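Sharing a structure, written as C-alpha cells. Questions coming.
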Amino acid sequence: MSDISRVKPFRSPTDEAPLARWSLTIGVIALLCILLYAPLAVVFTEALAKGAGAALKSLTKSEASSAIRLTLTVAAVVLPLNAGFGVAAAWAITKFDFRGKAFLITLIDLPFSVSPVVAGLCLVLLFGANSTLGGWLVASGHPVIFALPGIILASLFVTFPFVARELIPVMIEQGRAEEEAALTLGAGGWRVFRTVTLPKIRWALLYGTLLCNARAMGEFGAVAVVSGKIRGQTATMPITIEMLYNEYLSVAAFTLAAVLALLALVTLTLKTALEWRYADQLAATHRH
Amino acid sequence: MTRPLLQRSPMPGFGLSMGITLTMLSLVVILPIGALLFKGAEFGVANIWQVVNSQRVWTALFLSFRLSLLAALINLVFGVALAWVLVRYDFPGKKLIDASVDLPFALPTAVAGIALTTLYAPNGVFGHLAQTLGTKIAYTQWGILIALIFVGLPFVTRTVQPVIEEIEQEVEEASATLGAHRLMTLRRVILPMLAPAALTGFALALARSVGEYGSVIFIAGNLPLKTEIAPLLIVIRLEEFDYNAAAAIGIAMLVIAFTMLLVINIVQIFSRRRIGLV
Amino acid sequence: MHIEIDEISKEFGRTAALHPVKLAIPSGALVALLGPSGSGKTTLLRILGGLECPSTGRVLYDGQDATGLSVQDRRAGFVFQNYALFKHMTVFENVAYGLRARPRNERPNEAEITRRVTKLLDLIQLPDIGSRYPSQLSGGQRQRVALARALAIEPRMLLLDEPFGALDARVRRELRQGLREIHDTTGLTTIFVTHDQDEAMELADLVVVMSMGRIEQIDRPVDIRARPATPFVREFITV
C-alpha cells in the first residue's frame, strides 16, 4: 500500500497538467475581463460619473424619453411580425416536403450575412424619395425612409432569421407524429397547431423572440441609414446615444446606454434561465 | 420521374404558412436586396468597377476584410480555448462566465462602441496604459480590431462547446494507451475533431465582422485611407446623395460576403464528408 | 508477460468499485474477466492499462512494480468497448498513430511505418482498407482495426473491454476465432472483459469470475463448470 505514496501523483490520461489547466483558465478569464466585462462596467461607471441624480435627470429629458418610446414602439411592431413569420416559416419547412426547401432556408438566413449598413442601403434604394416607389409614397404622404416604417423594416431585416432559426431544428426534432395523431382524432388545422404544436414550441419561440428583441432594440447600422436621425422623431435609443456621445454629453449618452445594457443583462439572464430549465425544448446547440 | 413540387400531405396549413413566409420574405428581404441589385444593373458593371477601383474604396474594403480576418482568427484561437475551459474545467463562477459569453450578442453595438472607445481612448483605462507603453489603440486600426474581436467573440465558443461535450473519453484514452502524451492527443486527435465546428464559428464571426458598423465607427477614428471601414463609406456616400456609388460599394460587400460563405461552405462540406459526418 | 495483481482496490468517492483483489496471470495466457455489470471487471482492466489509479495495492509486470507507470509508458494494447477509432484519420493513420507517437529517437521512419502497418492489416485480414475512414467500415471491421492499432505499439499485453459487445451474433463468433488466432500468433498475455459466459468459457484459458468488486473464482473453464466455488458462480454460469 505504501508503494503508491512514493510515485508521483496519478493524473488521469484525459486531464491536462494542473499548471496548464490553471494558466489557461486564468488566461481566458483575464481576456474576458478586458474584452467583455470592462466595457460593460464602464457603461455604468460613466453613467454614474456625476451621481445617480444627474443620470436619472438625463433620462427625463424629452430626447431620451422620445427615443425610449420610439424603440419600444419599433420592438412592439417587429416582435409579433417576426414571431408570426418564424412560426409560419418553421411550419411550412418542417411539416411539408417540397422542392427548393434548402434554397428557402438559405434566403431566410440571408440577412445574417448582409451588413446592416447594406440592408439600410437596400431599403433606401427601394423606398427612398428618388426611387419610383419611394417618390410615390412620399407624394401620397406615407414616407418610409426617414420615418417609422423604414426603421421597422430595417429592424425586421436584421432580426429576420432569429425566430425561424430557433424553431426549425426544434420542430424537425419533434417530428410530425403528434400532429398526425391529432389529425386522425378529428382535430382541425388550427386546433392541432394551438393544442399540440404550440405547447411544444413555446419555450423555443420565447427564446427566439428574446434574441430578436435584443437585436431589434439595439440595432444601429441599418437604422442609422434609414432613420435620418431626426431628433425626437426618428432617433431610436442607439441613434440618440450616438448623437449625445458626439455632443460630448457623456452622462446622458452613457445613461441611455446603461438602460440598454441592463436590457442586455436581463436578456442574458432570461436566456440562460430558459437554457437551464427547458433545455430539452430548445434547439440542441443551446443545451448545456 | 422528377420529384413533385410539393409532396401531398394530410397536414393542414401549407397555403397559409407558405403564404406568410413568402410575403414576409419578399417584402423584408428579397425586394430590398433586389432593389440594390437592380440599381447596380442600371449603373453598370463598368461603372461599379470604376467606383470600387478608386483608392479610397479599395483601401476601405481591404481594411474591413483584413481586420475582420485577423479578428476572426484571434477569436478562433481564443474561442476554442474558452470553450475548452468552460466544458472541461471546474472553477467558481463558471456558470456565470458561461452565460456572459453571449454578451456581445445581447449588448447593442452602439453601446459596445462607446464603451470600448472610452476604455481604449488615450484618457481611458486601457488607452492610458497603452500610451505609457508608447502606443495608441483607439482611433487606430488596433481599435477597429478590438471592436471586431468583441462582436465576433461568442461565435466560435458557441459552435465548439457542444462538440467538446460530445467527445468520447475513450478516444482520448485510446490515444494515451498508444503512447501519445497529452499535447499530442490535443493536437492530433482533439483539435481535428473540433475543426469543422470551429470553422463554422470562424465563418460566422468573419461574416459578422466584415459588415460591422455600430461598434467600430466610434473607436475607428474614421480617417480616409487609414481607419475608414467599407460600411462607413456607404454611409458617407448616402449622406452625399451619391446613391450609385453607395450601391456600387454595397454590391462589392455583398460579393465579398457571399464569396467568403461559399468558400467556407465548400471547405466545410469537404472536411465533414471526410470524417463521415454527412 | 507475467502479470501480478497484488491486493488492488479502487474507490470512487465513497463507493468501493473493487475490494482488495489478488490475481496472478501467467505469461501468454488468454484470460477472461467475467461478471455482471458493476462487478468491477472493467475497473480492474482499466487499472491494468494505467487508465485508473488503484486506491491501494500494486501491479507487478514480470515481478517489477508498475503501479506508478504512466499509461503512455505502459505499452498495454487496449481495445475499447466502442473501439474509439479516430474518425478523422484513415485506417492506415489510425494504426500508425502509436508509432508516430514515439519519441523522435525511437520513431521508425516512414518506410518502416508503412511496412509495419501493412503487416498488421494483413494480420487482421483486411489488407485493402488502409485508405478508408472508420465511418466507412462495418462493426466487425472496426473492431479488427482497433485490434491492429493496439498491436502496432508492440504491446507487452493485450487488454480488451467487451471486445464483441457491439456486434451481432454471427460476426461475434467469427471474431472470437480471430482473437484466438491473433493471441496464438503473437503469444501476448491477453485479458478481456465480458459479461457473456459462453464467450468467456469458449475463448479463455483462464476465467476470473467477479461480482460486486470481488473475485469469486479463478479457474479453467472446465473446472468452473464442474466445480463452481460459490453460489454466485453456480447461478451465474447456469443462466
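In order of appearance the chains are A, B and C, and numbering begins at 1 in each one.
Just so we're on the same page, contacts are C-beta pairs under 8 Å (C-beta built on N, C-alpha and C of every residue); 3 or more make two chains touch, one makes a residue touch a chain.
Values in this document were obtained by computation on a predicted structure and should not be read as measured data.
Enquirer: Note the connected groups of chains, using the touch definition above, after excluding chain C.
Expert: Without chain C in the graph, we get one piece.
Enquirer: Which chain has its C-alpha centre closest to the mean of all protein C-alpha atoms shown?
Expert: Per-chain C-alpha centroids compared to the overall one single out B.
Enquirer: Report the chain whose CA-based centre is farthest from the CA-based centre of chain B.
Expert: It is C.
Enquirer: Using Cα averages as centroids, what's the distance between chain A and chain C in whole Å?
Expert: A distance of 52 Å separates the two centres.
Enquirer: At what distance in angstrom does the C-alpha mean of chain B lie from that of chain A?
Expert: 15
Enquirer: What's the distance between the Cα centroids of chain B and chain C, rounded to whole Å?
Expert: Inter-chain centre distance comes to 47 Å.
Enquirer: Listing for chain B: what residues touch at least two other chains?
Expert: Answer for chain B, listing residues that touch two or more other chains: 173, 176-177.
Enquirer: Could you say which residues in chain A touch two or more other chains, in rising order?
Expert: 13, in rising order.
Enquirer: Note the residues in chain C that touch 2 or more other chains, in rising order.
Expert: 50-51, 71-72
Enquirer: Show me the residue ranges of chain A that touch chain C in the complex, using the header's touch definition.
Expert: 1, 3-4, 6-8, 10, 12-13
Enquirer: For the complex, which residues does chain C have touching chain A?
Expert: Touch list, chain C to chain A: 7, 50-54, 56-58, 65, 67-68, 71-72.
Enquirer: In their shared complex, at which residues does chain C touch chain B?
Expert: Touching chain B: residues 49-51, 71-78, 80-82, 84-89, 97-98, 101-102, 133-136, 149-150, 152-153 of chain C.
Enquirer: Within the complex, which stretch of chain B touches chain C?
Expert: Those in contact with chain C are residues 168, 170-171, 173-181, 184, 188-189, 192-193, 195, 274-277.
Enquirer: In their shared complex, at which residues does chain B touch chain A?
Expert: So the residues of chain B in touch with chain A come to 3-7, 9-14, 16-21, 24-25, 27-36, 38-39, 78, 81-82, 84-85, 89, 91, 95, 97-116, 118-119, 124-126, 146, 149-150, 153, 158-159, 162, 169, 172-173, 176-177, 182, 204, 207-208, 210-214, 218, 230-232, 234-235, 238, 241, 243, 246-247, 250, 253-254, 257-258, 261.
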